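Working notes for the structure below.
In order of appearance the chains are A, B, C and D, and numbering begins at 1 in each one.
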Amino acid sequence: MNTEQLIFYFFSALLLTSALMVVSIQNLVRSIFLFFVSLFSLAALYIFALADFIAITQVVIYVGGVLVLMLFAFMLSNKELLNSLQPIKKSFKFYQLIGIFICLAFLFVLVSLNLQIDFSNLSWIKSSNPIMESDNTTHTIGILSMTRYLLPFEVLSVFLLMALIGAAHLARKGKKT
Amino acid sequence: MNFYLTYVLVACALFVFTALFTLFALYSERKISAFMQDRLGPMEVGKYGSLQAFADILKMLQKEFIIPTAADKILFILAPIIIFVSVYLGFAALPWAPGLIPASLNLGIFYIFAILSIETLGILMAGWGSNNKYALLGSMRSVAQMVSYEIPTGISVLSVVMISQSLNLQEITIRQGILTSDAINFLGIWDVKAIGGILAWNVFQAPHLIIAYFIYFIASLAECNRAPFDIPEAESELIGGFHVEYSGLRFAFIFLAEYSMMFLVGMIGVVLFLGGWNTPLPNIGSLSLANWTTGIGWGIFWILFKTLSVVAMQIWIRWTLPRFRVDQLMSFCWKVLTPLSFLCMLISGIWRLTMM
Amino acid sequence: MIPLSHFLIISAVLFCIGLYAVLTKKNAIQILIGIEFMINAAVLNFVAFGRFDKINGGGQLFALFAIVLAAAGVAVALAIILNVYKHFKTIDPSKIDKLKN
Amino acid sequence: MIRKVLKVFKTVIKGLKLTLRHFFAATESRKVKAISDPDYFAQNSGTTTIQYPHVQLPVPDVGRYQLDVEMDDCIVCDLCAKICPVDCIDIESIKSTEAIGKTSDGTTKRLYAAKFDIDMAKCMYCGLCTVVCPTECIVMTDTYDRSMIDLNEMTYKFSDMTAAEADEKRFALEQLNAERFAAKQLALQQNIGNQI
């Protein structure tokens, strides 16, 4: 096992354990901070898939944007909300068991499908020319988003504007009745 | 194995640099502020108080780690580390001299912005973990401020990136001096590729970048929570903001992060707008000053000189201007800086298409 | 080179963790986190497959689009959650069962 | 809008110029002058810091600072202890068997001071004791920066007698008193005898 693989498996283990803890931990604020760990290690995995631009975008948008937004939404809201977010009872419920069962079933399907396919012998993968480590993916992404994917790019920008206005409208204080 | 050893050594060197810079900046800030207020500043420890910063650090090292009983211990302990590491990692992509850059990333400036946005998270962690209403208020203000001011910063940086056509800080620097292979036009008309010097800097290649630099400089003051944008740690209102509860070495780390951040944003500004390690002296006829003053040693000298000047400017502004109010701060960001920076980006696009 | 199947297995596990959060959590914000996990699992798949698509760059670009869309979605979702709390004084989705209030 | 921005720039630059002027004026420092000096308010630039233990401000003549007692002049009249509003002076006197000597202004000293303590921690620097003193032996000096680690050290002891000496004087006084008493008794008896 070389260093690259070692780092990859370290980050994937970090990702999965932190994700498991995020969904199982009781303290909500801590779980959001743990969410940061999983997002960050996910960014590391993107780098191993030779998508450095995506990895850094992940850090910028998720860590700098989404997470801060989530924490901010909490802390801005009043104390009652904070209290209601931290449940006291820790007992294991039946619905959780069902949830675990469904998830395991899903996992079984996905993983078994995954194992049935021999990826290295697929024809389209064989015929493709994969991205090499020396390639400048940023350059490619820049050019492609202005040529081939111009329409989705523009639609996305309009959508973002809509989301911006919508969120601002929803979050603003209504007229006092 | 040598490969990794070099990395570790470079990281250690950068850490030592940030620590030394913090000591130096601490002393100089106290002295400059004292002189501006007709005082003398520290005079007792060492000649002219020159060892005062060391004495302060020694005092901090001896202090007890106090964790408030009601604090969230894990978050409280982790926060200063995250705050410092996020700033410290930013140093990895900064060019120091021709060929001297710790990690020549082709995403350099984007990477730095991503890493710096983690600092916000650390500050929220500190504020929440302290379980202190002043700390929480301070961290909320800090985050609101940093998230808002990231927009003008990012857009003004983008206008440089559009002119330079690269995210790699080393390439951006090379394109502002005599070492470049592209054409450089002073104000878009006069080819100064052979002359170099101050005329080849980005702010003079495209004059609207001067406005962009002003925007960047103001927004960067807000990003590192310096006065006049220091409402997150307003001593008179919030008794220090998010780091109220910290003591000893943990507080020292927050302090280290703050001063490293000052240097970092100053250096990014220098690299993007003011020519990085390029010399300000131009070639005049047979007097090829630019050729003589370019090299590894000169590069380090110039970038340190420029960055320290910017840091001195930051300190000067801190001790001159009073603090903004929260609403003034936000309306200044959203109503003045953001539209102006968008305008700069638009001009950059047009400039790139027509003048270059 | 990390084999493609490893990425896919990791993303499958991540997806299931997200699914678990969506199915069992009684708190809108935690459900939101679960959805984010699922989106991220999909993005990881995009990126892993995108390695074999150099010319069209479909994987990476759509990963980018997905990330941006998710961020916009979170902004709207959080605004909705805050508003829901204002109306119903709870953010447990199973208790929000009135269409008219 | 543009006028507003220009105004902002103008005021910011004005402020920056002001601080810069003070920054460069810091190369010289103001001279240490007494408040009575006619040039005291004439110095407008330079650093104002007085590096205190090394340089001290001259104290005004009418200043009231720490008390000092010249024990050779003290006649132990106890007036200062009586006038003191905060009772910080504690005096214990012993009558002398004979005149001890003379103070510098010619008053004859007839009392020993076994104890002459001034608690400077209590003192409120009103200066009344210096006014009432008949021999002007208690004075206010220009020392104002004595600091102590222990509060008890703030009690200044001015008496120059040791405990043994005081005991000796007390004993002498008692002996004298006893002698006088005996002599009185003797004289009384003689008087009675004479009458009989």
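By definition in this document, a contact is a pair of C-beta atoms (placed from the backbone, for glycine too) under 8 Å apart; a residue touches a chain by one contact, two chains touch by 3 or more.
What you are looking at is a predicted structure, and each value in this text was computed from that prediction instead of being measured.
Ranked by C-beta contact pairs, the top pair of chains is A-C. Averaging C-alpha coordinates per chain places the centre of chain C 80 Å away from that of chain D.
Averaged C-alpha coordinates give centres for chain A and chain D that are 77 Å from one another. The distance from the centre of chain A to the centre of chain C, each centre being the mean of the chain's C-alpha atoms, comes to 6 Å. Mean C-alpha position of chain B lies 57 Å from that of chain D. Judged by the touch criterion defined above, the protein chains link up one after another in an open path, with no loop closing it. All chain pairs that touch, listed by label, are A-B, A-C, B-D. Of all residues in chain C, those touching chain A in their complex are 2-10, 12-21, 23-27, 29-30, 32-34, 36-37, 40, 43-44, 47-48, 50-57, 59-61, 63-65, 67-76, 78-83, 85, 89-91.
Residues 5, 12, 15-16, 18-20, 22-23, 25-26, 29, 45-49, 51 of chain D are the ones touching chain B in the complex. By the touch rule above, chain A contacts chain B in their complex via residues 27, 29-30, 33, 36, 52-53, 56-57, 59-60, 63-65, 67-68, 71-72, 75-76, 136, 138. Contact residues on chain A toward chain C in their complex (touch as defined above): 4-5, 8, 12, 15-16, 19-20, 22-23, 28, 31-32, 35, 38-39, 42, 45-46, 48-51, 53-54, 57-58, 61-62, 65-66, 69-70, 73-74, 77, 80-81, 84-85, 87, 93, 95-96, 98-100, 102-104, 106-107, 110-111, 114-115, 117, 119-120, 124-125, 128-131, 135, 137, 140-141, 144-145, 148-149, 152-153, 156, 159-160, 163-164, 166-168, 170-171. The residues of chain B lying in touch with chain A in their complex are 72, 74-75, 105-107, 110-111, 113-115, 117-118, 120-121, 124-125, 127-128, 136, 140, 143-144, 147, 150, 167.
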